[in-house]
Amino acid sequence: MSADFARVDLGRAERCGRAETVFCEGKHPSEVAEIASILRGAGQAVLATRATREHFGAVAAMFPDAVWHNRARCITVGSNPHAAPEHTVAVVCAGTADLPVADEAAVTLESFGHRVGRITDVGVAGLHRLLDETDRLRSFSVLIVVAGMEGALPSVVAGLVDRPVIAVPTSVGYGASLGGLAALLGMLTSCSSKVTVTNIDNGFGAACAADAILRLAAGQR
Amino acid sequence: MSADFARVDLGRAERCGRAETVFCEGKHPSEVAEIASILRGAGQAVLATRATREHFGAVAAMFPDAVWHNRARCITVGSNPHAAPEHTVAVVCAGTADLPVADEAAVTLESFGHRVGRITDVGVAGLHRLLDETDRLRSFSVLIVVAGMEGALPSVVAGLVDRPVIAVPTSVGYGASLGGLAALLGMLTSCSSKVTVTNIDNGFGAACAADAILRLAAGQR
Amino acid sequence: MSADFARVDLGRAERCGRAETVFCEGKHPSEVAEIASILRGAGQAVLATRATREHFGAVAAMFPDAVWHNRARCITVGSNPHAAPEHTVAVVCAGTADLPVADEAAVTLESFGHRVGRITDVGVAGLHRLLDETDRLRSFSVLIVVAGMEGALPSVVAGLVDRPVIAVPTSVGYGASLGGLAALLGMLTSCSSKVTVTNIDNGFGAACAADAILRLAAGQR
Amino acid sequence: MSADFARVDLGRAERCGRAETVFCEGKHPSEVAEIASILRGAGQAVLATRATREHFGAVAAMFPDAVWHNRARCITVGSNPHAAPEHTVAVVCAGTADLPVADEAAVTLESFGHRVGRITDVGVAGLHRLLDETDRLRSFSVLIVVAGMEGALPSVVAGLVDRPVIAVPTSVGYGASLGGLAALLGMLTSCSSKVTVTNIDNGFGAACAADAILRLAAGQR
Amino acid sequence: MSADFARVDLGRAERCGRAETVFCEGKHPSEVAEIASILRGAGQAVLATRATREHFGAVAAMFPDAVWHNRARCITVGSNPHAAPEHTVAVVCAGTADLPVADEAAVTLESFGHRVGRITDVGVAGLHRLLDETDRLRSFSVLIVVAGMEGALPSVVAGLVDRPVIAVPTSVGYGASLGGLAALLGMLTSCSSKVTVTNIDNGFGAACAADAILRLAAGQR
Amino acid sequence: MSADFARVDLGRAERCGRAETVFCEGKHPSEVAEIASILRGAGQAVLATRATREHFGAVAAMFPDAVWHNRARCITVGSNPHAAPEHTVAVVCAGTADLPVADEAAVTLESFGHRVGRITDVGVAGLHRLLDETDRLRSFSVLIVVAGMEGALPSVVAGLVDRPVIAVPTSVGYGASLGGLAALLGMLTSCSSKVTVTNIDNGFGAACAADAILRLAAGQR
Amino acid sequence: MSADFARVDLGRAERCGRAETVFCEGKHPSEVAEIASILRGAGQAVLATRATREHFGAVAAMFPDAVWHNRARCITVGSNPHAAPEHTVAVVCAGTADLPVADEAAVTLESFGHRVGRITDVGVAGLHRLLDETDRLRSFSVLIVVAGMEGALPSVVAGLVDRPVIAVPTSVGYGASLGGLAALLGMLTSCSSKVTVTNIDNGFGAACAADAILRLAAGQR
Amino acid sequence: MSADFARVDLGRAERCGRAETVFCEGKHPSEVAEIASILRGAGQAVLATRATREHFGAVAAMFPDAVWHNRARCITVGSNPHAAPEHTVAVVCAGTADLPVADEAAVTLESFGHRVGRITDVGVAGLHRLLDETDRLRSFSVLIVVAGMEGALPSVVAGLVDRPVIAVPTSVGYGASLGGLAALLGMLTSCSSKVTVTNIDNGFGAACAADAILRLAAGQR
């Protein structure tokens, strides 16, 4: 089924494991609402990322049960069944300025039916905060670690746990942060070899990668 | 236990799930052999990456069962038990020039006790070669996709399967390839949201990430 | 003939095959209108790119038949005769966010007297959408392929057709997209060797290149 | 048909208009010879680029009629029929240091069955040399313009002719040339709008693009 | 003599040949006015660059004879005696979008007591416009050449004249222009060896360099 | 006093606190020996960095008591009196590949008359190794922390101690390490605010900065 | 003790020598006020950097003795006892545009209980201004040198004194300044070997590094 | 007149003021000798830059009076008459490692018939060495200032003299020097406004620019 301005891929859930998510940047509120309508019409839950309140207004006008996640800049309508009941994903972040990206990851995971545990404000400059959480860190099945500036947190976390670690650099910082490039390069060159990395500020992508891992672990498609 | 020039971390397997791997660049052959000796003494299998024939010579003098993996530039001594019997990892690569990196990933995975399936020379410019393998691609639990130049293969593969996809950019290319940066940036900005990325030419890191996923999926530490 | 602020090159159509196009950025609306007036006075059609509604207002006040192409940010006045009747140019784009650039290419081509076919929202992450259009893709004489993010679409399209493919990177994306550099580098290092590339967001330039090819193919100047 | 290390795509000529070309970098001489053998066995002409004398030795041992193009670093075996008899392609270059890249373009075009005209050493600092060739420049159907350093030549040439201009930046230069990036950026931002660009030093790619244009112009596949 | 926020260097004219110029960015209008006041009190002419209308307002309130140069974003109060009567400086620019930078150079030169000749809109894509001015180009003592995009104009001009050529890259352009870096790199790697270069958009600096040359040529300090 | 090829600054110790050090890169062995001779003639100790065995040979031929520090690539002749007896400087490094840079720092400090404590192979991926050294880390007056790859170690160390921390990025790593730029950017954007940074691989500079701090702390010039 | 959105580290003064400073960017005014409240409740002085007047409003509503440092963009509440009575820190800056960064350093140092001496507007283009201050420069225990554009001032200052020099690049400049990168690179490659460097515009970090040095020099924790 | 591989521009002296110089990189020794032969045949002096001893051997075999300038890597044959008798050009350089570039400038100037004064090893870290030369610096008509690393010397020199200053960045340095980019950016953003800049290591270009200035000052073509 197809809106005028975009082909909505209703078969995607079948083929790739997840319904299409609406990336709102550059889309008119009415376009987002129309895509939401097509997805809901096909019985699928809606997740819209990088949304504004204007996008939410247009969606909420159609679906009163739509939810606005302010810091995450996400809209959700409806929800998916619990996907991997035995597993929890950690969303760890270094500083409070990284919270919007961490929230995008968490909202996405919950919208996909996963259980999420949050650990916040555990930057490597105050290592004891992180070490106090070691046991909890080891209880998660997958860990998404979000950090800006020098982006060292995923290296440290990956040294403490033996589960998959997905690193998300953020654009938090100034000067030599180069809009998140310093954190990105730091994560790519991590001395903890099992760390993999997403684009800068891409909490959504990290959640998608974690989702694919958890569905595999849960023996599901 | 500690060599003069480095602290060998014998407890790492316990803590992080895997024994330490020896990164040979910048190490003297005798240093590599000594670390191998400490690891073997503690009953652990040895994997040494970025090795030269000189490194291999020093190790093989001590351990006649050491194996030299030429294109992968790896040395293995001994092996680990089968880690995740129900799962196979794909190592997919775009061109024959990417084979050294793909081999490093495959040798690492096999050294870790995993089963590996190889798909080679399926660049996106000749899409039919890749599409002919669609069913096989969907049979793997995790897919490591290795590509240089524009690095588009992981995006395309991730659109065909619903399993975790780990992208490895290679330094194959010239001019605007910028030593692998073009492929790296392409993979980080992939329109297939579940792709995560390792450092350029880091086949070993991709294998470590896949290993962590498979041990989770197999319900193991 | 010469306005105060710029030399309008009326002989350009004779010499280079096409009348001068007005690039509006940095020009005052009244300057754009004056150049349009000189061109119309010499019997030439007008195409103004990177225009604002203010530019359009000034031109429309002089020429009531001026047309405003909103998403393309172009103004046209009058039109050229059909230049290459047997040929059609494809303007293919990966995502809806790339439409402004694709539209600039299409408006330019139509203003130059060419027939344009549009294919939209066929990103490589959902390959089947693109493959469904294979026959249509092969029916075009020249293909302009517009993509942001990892910029992989031109590589894939060029592998499916044997006609000239002109790639246009867009600044769509964030983080490691680096304002379109990731897509640009990806297109330059394409494994499909016949792809050539324009500047980021330069839909106009791609149309000019296609125009030169079509006039050659049509045996015209 | 398939060698052990690579899938040779014999159907490519049918599908994309040209048989596969062998890119020699990173391939063993025996591998290049084997691919050449498969292509010849299928009745196709062979073009191998980025070759060394060692590659040539291996191919010449099998095919005594193989030709070594020294400055272009290419090997050819056999030839293709004349593809577009009414058309000639210009290969223009700025300085003598650009000749290896210009030669790669010319050898490729001739191997593909095209007629080539060469114009050499017409850098923009000595404009009169270029202007003396204006009539000749206008006699070509397609122009490949090769330049290093500031890469200004394609802009100037494109202002003199109304045919397609394909710009090839070279890595000639030092310091702020940044290995060809200065020329690449200069060509991408050319004020002559119809210029399209290939990767740095990619004479082969420019020839492939010109070939697609000429086959279109000649009404052929 | 010293304002509270800055040391005004009244001896600079003696030592370096020119009174201090006021760079307005980051300075409060009242600070600019105060520096102007100190300079005028010492009998020196005032030139203020990168000014806003607010800066001009503050200066004009004190000095009714202050002049506002709108496109150049400069303020002048008073003037210097003719410095090099036998010489004229050319300010050449490629496109109308480069005029603010060209104007900054021209206003600075005139404020320093030099005669300026302007040549505008002579981009290399329309070479004949430039060639028509060859005789006039050769009549100048020093040539400042301003260009954005690929920045090729100084190379071409320097090939036509035997006088000093100072190249000024501008931030005009988009995408691969990288805010003027493409033009800057192009000018630095110019094949015309006598070209020297200033910072991006630095019309003022080019005028200062030309001024030093002209005072030398005029046998003055 | 002045050699033919360089001005040796014998008054530097008086003025800046330290005699001149000989940077050997680009100097002929005989030049290094001659400078050493001038310094020794003035009663000063000699430190030569970035030396080769050839440089050492030339110096040792004149001064039999010259010492060759192999991994540090330094030559020393004579020594300075103990400069700050109550203080010890730590030279901490992340991996064995960082040892040449760490050694350059240590040799420089010892040549300057300081006591040095070494902590090696305490990368952040194996945090327990570092934490085991916490008390020792806190016993130093100044800490030089050397790390390549993601360069996270200085951030972590600075969070454990309250003394000055000087970070030295190394060029250890590959791919996205960009020759040490990743580590450099990471250290500059450290979330531990008191970290300051030297150039890549500049162990000598870090030692000079530590020396200035210790002489201040010891109440000396 | 812990606010909802952040863990306030009250033990930090004990462990790292200084209470936590509030970095305001990305924090809501009410969050900043709440952290200030926790710190004051624990008897600690408050320093908040990168603040806006809105942040100050929220803090001043709770603590009437809060001080707003306008150019430094800092808030202070209360103060620390004099930390190193025998020492004074210089904050030297090249131009008036660098004053906000210099002020951030000075306010931080004073808030930490240090005495600060200011030297302003001593850029290297007017060397005599700097040389006139030589004796005063030599009277300081530590020198923080702030400069934008080419960032040469720290090199020159470090050649005049024998005390620790901390260089702070600023984002002052345009074009090739690249947002402060030119100054940063210049400082990192300083020919004055004892210079260490902070992030661009990081006056706060420079003050923290100076504070650690002074507390060491004063024999304090 | 024209060699097979290059067009030698004998009219260039007439048109641009100087005979063509031979850039040897990428040219065969026999080609360089042949160009030299053509130039000598037309009565012109020869200057060949970026030459090797092999190039010199080929030229010297034809012209026994050819001179090899070892550190400058230049060949000269014959000489030009004194061009500007009343003027001397300074070639100033920061460190001994910059001498090859400084020598290229000096040899070029002398080959062009100018008088050259050399000032060496006056880096800004030891300012007194430079200040001792102030009077001599002020005696030159044009100053070429060569520096690597942070490239601060031209800013300082330009603040001391009122004559044209041409800055030449060198690739001397490591790490953050980025092959001379740090020095280049520093010179472009110099706070001394009259500084203009050449490409990295381009001593030849600086000499050409100085030559054009001196011929103007001497009232010559």
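Brief remarks on what is shown
Letters A, B, C, D, E, F, G and H name the chains as they come in the text, with residue numbers starting at 1 for each one.
By our rule, a residue touches a chain if its C-beta (ideal position, glycine included) is under 8 Å from a C-beta of that chain, and two chains touch if they have at least 3 such contacts.
Values in this document were obtained by computation on a predicted structure and should not be read as measured data.
Think of each touching pair as a link: the shortest run of links from subunit C to subunit H has 2 of them. Annotation of subunit E and subunit F: jointly contacted by G, H, touch as defined at the top.
Among the other chains, D has the CA centre that is most remote from the centre of subunit G. Our note on geometry: subunit B versus subunit C, Cα centroid distance of 43 Å, whole angstroms.
We define each chain's centre as the mean of its Cα atoms; on that basis subunit A and subunit C are separated by 36 Å. Distance between subunit A and subunit E, defined via averaged C-alpha coordinates, is recorded as 51 Å. Within subunit B, the positions touching two or more other chains are listed as 15, 126, 158-160, 175-177, 181, 184, 188-189, 193, 199-200, 202. Under the contact rule stated at the top, the pairs of chains that touch are A-B, A-C, A-F, A-G, B-C, B-D, B-F, C-D, C-E, D-E, D-H, E-G, E-H, F-G, F-H, G-H. Residues 15-18, 21, 141-142, 158-166, 184, 188-189, 193-200, 202, 204-206, 208-209, 211-213, 215-217, 221 of subunit E are the ones touching subunit H in the complex. Here subunit B touches subunit C in the complex through residues 94-95, 123-127, 131, 149-152, 155-156, 158-160, 173, 175-178, 181-193, going by the rule given at the top. Taken in their complex, subunit E has these residues touching subunit C: 96-97, 99, 120-122, 126, 129, 172, 174-177.
Across the complex, subunit D is touched by residues 5-7, 9, 12, 25-27, 31, 169, 171, 179-181, 184, 199-202 of subunit H.
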